Amino acid sequence: MVVASPLAAYLLVAALLFAIGLAGALTRRNAILVLIGIELMLNAANLNFIAFWRYGPHPEALTGMMFAIFSIAVAAAEAAVGLGLVIQIYRHTRTTDLDQMNRMKG
Amino acid sequence: MSFVFYLIAALTLAGGLAAVLLRNTVHCALALTVAFAGLALLFLGLDAQFAGFAQILIYIGAVAILVVFAILLTRSSETAQEGVFSKSWFAGLVIAAGVFAVLGWAVLAGARALPLVAAAPTVTVQDIGNALVGRYVLPLEIVALLLTAATIGAVIVALHEKERTR
Amino acid sequence: MLGEGILKGMLETAKNFAGSFVSEERLTTVEYPEQRIPTIENTRVFPFLVYDGPDWQAGMRCVACQICEKECPPKCIYIEKSKDKKPDFVGKMQIYPARFDIDVSVCMSCQICVEVCPFEAIKMDTQFELATDDRFGDLLLDRHELAKSNEYYHSIHPAEAAEVDARLAHEKAVAEAKARAAAEKAAADAAAKAAAAKPEMPAVGGR
Amino acid sequence: MAAAPISITLDQIFLLLRDWLVGFLPAGVRPAAGAVLGVIAIVCVFPGLFALTTVFERKGLGRMQNRLGPNRVGPFGFFQPIADGIKALTKEDVIPFRADAAVHFLAPLVLVVAVFMGFAVLPMGRNMVLVDMDAGLLFFFAMGASTELSVFMAGWSSRNKYSILGAMRAVGQMISYEVPLLLSSVSVVMITGSLSLTKIVAAQNQYTGIFPHWYVFTPWGFAAFLMFAIAATAETNRTPFDLPEGESELVAGYFTEYSGFKFALFFLGEYLGMFSISGLGATLFLGGWSAPLSFLSVVPSWIWFFAKVMAAIFVFIWMRGTLPRLRQDQLMNFAWKFVLPFTLLNLVVTALWRFMGEGWARWVVCTAILAGAYVLMGRIEMRRKHFGPRSYRYAE
Amino acid sequence: MSIAATNANRADGWNRPPVIESEGEGELLEVAMGPHHPSTHGVFRMDVALDGERVIRLKPVFGYLHRNHEKIAEGTSYLASMPYTDRLDYFCSLTNNWAYALAVEKLTAQEVPERAQYIRVILAELTRIQNHASTIGFLLQEMGASGTPLMYAFREREKILDLFESLTGSRMMCNYMRFGGCRVDVSEPWLDATRKVVAGLPAFVEEFEALLSGNEILMARTQGVGVLKPDLAVNASISGPMLRASGVNYDIRKIDHYGIYDRFKFRVPLGDHGDIYDRYMVRVLEMRESIGILNQALKEVPGGPVMDPKAKLRGFRPKAGEAYGRIEAPKGELGFYLISDGSPNPYRYRVRPPSLINLTVLEDMCLGQNVADVVLIFGSVDIVLGEVDR
């Protein structure tokens, strides 16, 4: 597939990655793999931010770059909390299988 | 678009695909790091050095490690005997495909309006620093607060219950 | 202060590091095959059989009394007595070992055979480089391999060997005097035999 | 060039050599070829240094323990690494039956590649840096962070309890100490105002009289250097922080199941990590390639760089010869409850230094704060953990 | 936290180790440390169940080195058992010799000449010093000090072993003492050489202490780790430096006055905490006391024979009866119990090995500790597998 604009190519890659992440998050049973899917989606978004910054009209304003950097920081926090939750759930239910996590009570 | 770009993009997407498709959870995590590394290379290709290195430092150095730790702690590295995909996998796949179709359509439809080439912006680390403590100082502080809260939260969530009640 | 003890320790190793270049006292190791520390005279490794004179078979002191075989803690000595007799160093007719084997792979170098031997016939060697790839053949020493001359004994344990020689000379003199006296009484053979063959306790400590 | 004094020629000899070699090629590929030559040089020099270091380490340790060390192969045993290399190459490559063969194979490669990447931004002499990156320091830490993954891969793929335990320990330790490592470097960045390692060296390459402006000679710099050294030791898994491979408990930690060439690669990776982190420490605090006294600048700059690296390596060996190792929980506690707060405090002190302006006052204030904090925190640490010197009673 | 509670509940003393609960995921990691593990001092196995890095269960498994020592001794003459005793605790063959000789001398009511008594004391204290030094060296080796303290200990031990070799003919398997004295007499040059070595020992202990005692890492690793309570130590009949580190004043040299120990002035160092650091320090201080004893003994070695002239080397038949000879070996109370039925070999021969008995509290000391501490606690017990398994 030949795309004229390099930006469009980056955007397509990001879209594909986002879709892969989404598919992973929606179809996997293991809670950790769902988190992996979410991470992929976040990264796809980051790629978009950077690509738009690079090919945007005002790269010196650094907006896209800043978004990406903040999003990386937020993603780190998200991963830490998410995985902490998974571990805690595992302690209670002895499983990380989301299909079996169907009770509100621990 | 250069050959290198396609190579890196293929690597990234392959890593991402492997991360959601492989049966062995640890392999998934390792494939995820490949995807992260590919993304970092893409960032470098976009002249975003700082973001690229931060990507490696945080995603490969921290998030991937967190993921593998979580996998080991929850003993999910042993490949599950029954299916690894959820019962509603088909619906999930359809939704994902739909989302990709919409996004792809949007990109391709708007491709004509996109700029063809742009001069590489000359951004030094100093500029980023100045922006961070200048224009973006409020978000920076908020992120700092968020990170602190997340650290404390993660520690409390993952603590043993007995120790918490003590 | 945190780190004080660590610094003190580091200083100590530094002292040793520098010292090992300066003082021979510190560097206790040697480069073994080329460089050897002198063997200590009292060192004991494995036993050997002493013989006097040039012929190992004729001069062998052992009379196959089998005390060492009996006392050996790991039972690594095997002796077969001879049917015939040969004269010992005093000139008296004695049986001798037709077979005398020591399995040095079993021997634990305890020196008890040496202590209990009334004839000063078995002594401890200082030869320790016995490595071999034939565990059963090469480490089972027969009487020929075990036999070492009195000169060799003198060369490895000079002080001890001199003491032993003096004692043997004394014994010989006593025996000869006794033999002479006995011969005069014309009951030489029986009396002399009884005197020489009586196993006397070796003085403990006096090797 | 011919007019340049001999000292400058010597100083730049490798660059001149590179330019001369590249000169044979068409102009279009010259920059790429130059970079390739630089990579080749790094890939040759540091493993060579590694070979030399192994024999120096063994001999040095031997001397500290009143032994001779290796002395069989070649004169004074200096060909020992060659013998070791041949042995490692010819040994059977054992892969455990249950091991994950692909990951098992990839782990040492990932480690060595990641470690090699770090050298790209280290200025090893005047103008001698492979890639002069604006975010060089960040790049270095990014590469350092990726080694953790290879450690995990090695431990996990071996399917051995000792391996996995060692890998978990190693990864936990490396993550914990990465934070103080980064933060202690940040104080240098605060003063220099740049993440570029060449600029950091240039900032230190000035002299007052004959004495250099190295950061280690300032209170904040000394404190940061101390914390950096501690964190670097932990980061490279050296004594007293070598418990991921503490053989008394874990046999060999995460590379228990490795043999032959792959084991050699791990070994290489570990030593290369030592070189790179020592090089970084020298660059950040010890003036990189600059001479220790102004009149010594005639000596080529790369000699100073390598001399500093080797001095750091000697300290590593020295510590290995002296110190016992810590326990896992103590190590973590030390990182989070002593090193990290102290580096944070040091950041504040660095800022203070920056804004107090020239004069003796800032020396006194900064030194007092740091020394006081060190003594106090050390006292608290020992009190809290209930350890300290004891006295003993006797019965007649 | 739960250990202390369980320990307190066991009013009956020491029946079985306390049971501690796993707090984690419930799945324990079971690791077999040994028999071929770098830090088990030989062939010894500990089956450890770990919760994370915490020890939940520990089962010591020994017997890999069983050599039938006691049964062999019952089948051979009294003299032929003497070289076998060398091989019990191969670090301290001379004290083993002494304990066995003491038992036989009690059985046969033999006198030991003055000079032999002094020689025995000198050799025993030299043995104690080299044993304690090497033990500390091995302990530090397990702590990861890459062998430096061990090498210093061995450097000094080498000098002592040279003395042993020039006197007894062997460095480790000395086989030197006999019933009623010693095998060979010491010479004046040997005594002078010994005086020289002893004069160098204080500097060595100083060096050792400078290297180790104040080291923060060592203190952090050892203080409060592997605590052995005095009552448990007494109930489990622990002896030697390990018992004294728990604060119990029990030294057979002071209690039995065997040999001629009542003639020397020395003190018994006691620890207050019973942890690894106390065991380490008690050994260091004991080395200092031993140097004091050596100095006194070397000053006043009397002349005379070294062997009771009435003593028979072989073929003697002790009267029917029993005897128990015990000494303060470097590792603890080493005793030999002999029953004679009037034949040339003992009817019953029993060794009370300090290593084995000190090892019985291993699980109590290790439970709830970190796995890395297990090897340290094990090392601080100071065992030799030759003596544990016999």
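Here the chain labels run A, B, C, D and E in written order, and each chain numbers its own residues starting at 1.
In this section, contacts are C-beta pairs under 8 Å (C-beta built on N, C-alpha and C of every residue); 3 or more make two chains touch, one makes a residue touch a chain.
Computed from a predicted model, the values in this text were never measured in an experiment.
Q: By CA centroid distance, what chain is farthest from subunit D?
A: C
Q: So which has more C-beta pairs touching, D-E or C-E?
A: Most contacts of the two pairs: D-E.
Q: Can you identify the chain nearest the overall CA centroid, using each chain's own CA centroid?
A: Chain D is the most central one.
Q: Taking each chain's centre as the mean position of its Cα atoms, how many Å separate subunit B from subunit C?
A: 80
Q: Compute the distance, rounded to whole Å, between the mean C-alpha positions of subunit A and subunit C.
A: Chain centroid spacing, subunit A to subunit C, equals 83 Å.
Q: Centre to centre, by mean C-alpha position, how many angstrom separate subunit C and subunit D?
A: 59
Q: Rounded to the nearest whole Å, what is the centre-to-centre distance of subunit A and subunit B, using the mean of the C-alpha atoms as each centre?
A: 5
Q: Two or more other chains touching the same residue: where does that happen in subunit C?
A: Within subunit C, the residues that touch at least two other chains are 2-3, 6, 9, 12-13, 16, 26, 28.
Q: Which subunit E residues reach two or more other chains?
A: In subunit E, residues 25, 148, 152, 155, 211, 213-219 touch at least two other chains, as defined above.
Q: At least two other chains touched by the same residue of subunit B: list those residues.
A: 50, 54, 62, 69, 73, 75, 160
Q: Taking the touch rule as given, give the residues of subunit C at its contact with subunit E in the complex, in rising order.
A: Touch residues, subunit C against subunit E: 2-6, 8-9, 11-13, 16, 26, 28, 40-44, 71-73, 108-112, 115-116, 124, 201, 204-207.
Q: So in the complex, the part of subunit E that touches subunit C is made up of which residues?
A: Against subunit C, the touching part of subunit E is residues 76-77, 79-84, 86-87, 148, 152, 155, 158, 162, 165-170, 173, 175, 178, 181-185, 207, 210-219, 306-307, 311-314.
Q: How about subunit D: which of its residues touch subunit C in the complex?
A: Touching subunit C: residues 60, 63-68, 71, 318-319, 321-323, 374-375, 377-379, 381-382 of subunit D.
Q: Of all residues in subunit D, which touch subunit E in the complex?
A: Touch list, subunit D to subunit E: 61, 64-67, 161-162, 165, 239-240, 242-243, 246-249, 251, 320-330, 382, 385-390, 392-396.
Q: Within their complex, state which residues of subunit B touch subunit A.
A: 1, 5, 9, 12-13, 16-17, 19-20, 25, 28-29, 32, 35-36, 39, 42-43, 46-48, 50-51, 54-55, 58-59, 62-63, 66-67, 69-71, 73-76, 80, 83-89, 91-93, 95-97, 99-100, 103-104, 107-108, 110-112, 114-118, 120-121, 123, 127-128, 131-132, 136, 139, 143, 146-147, 149-151, 153-155, 157-158, 160-161
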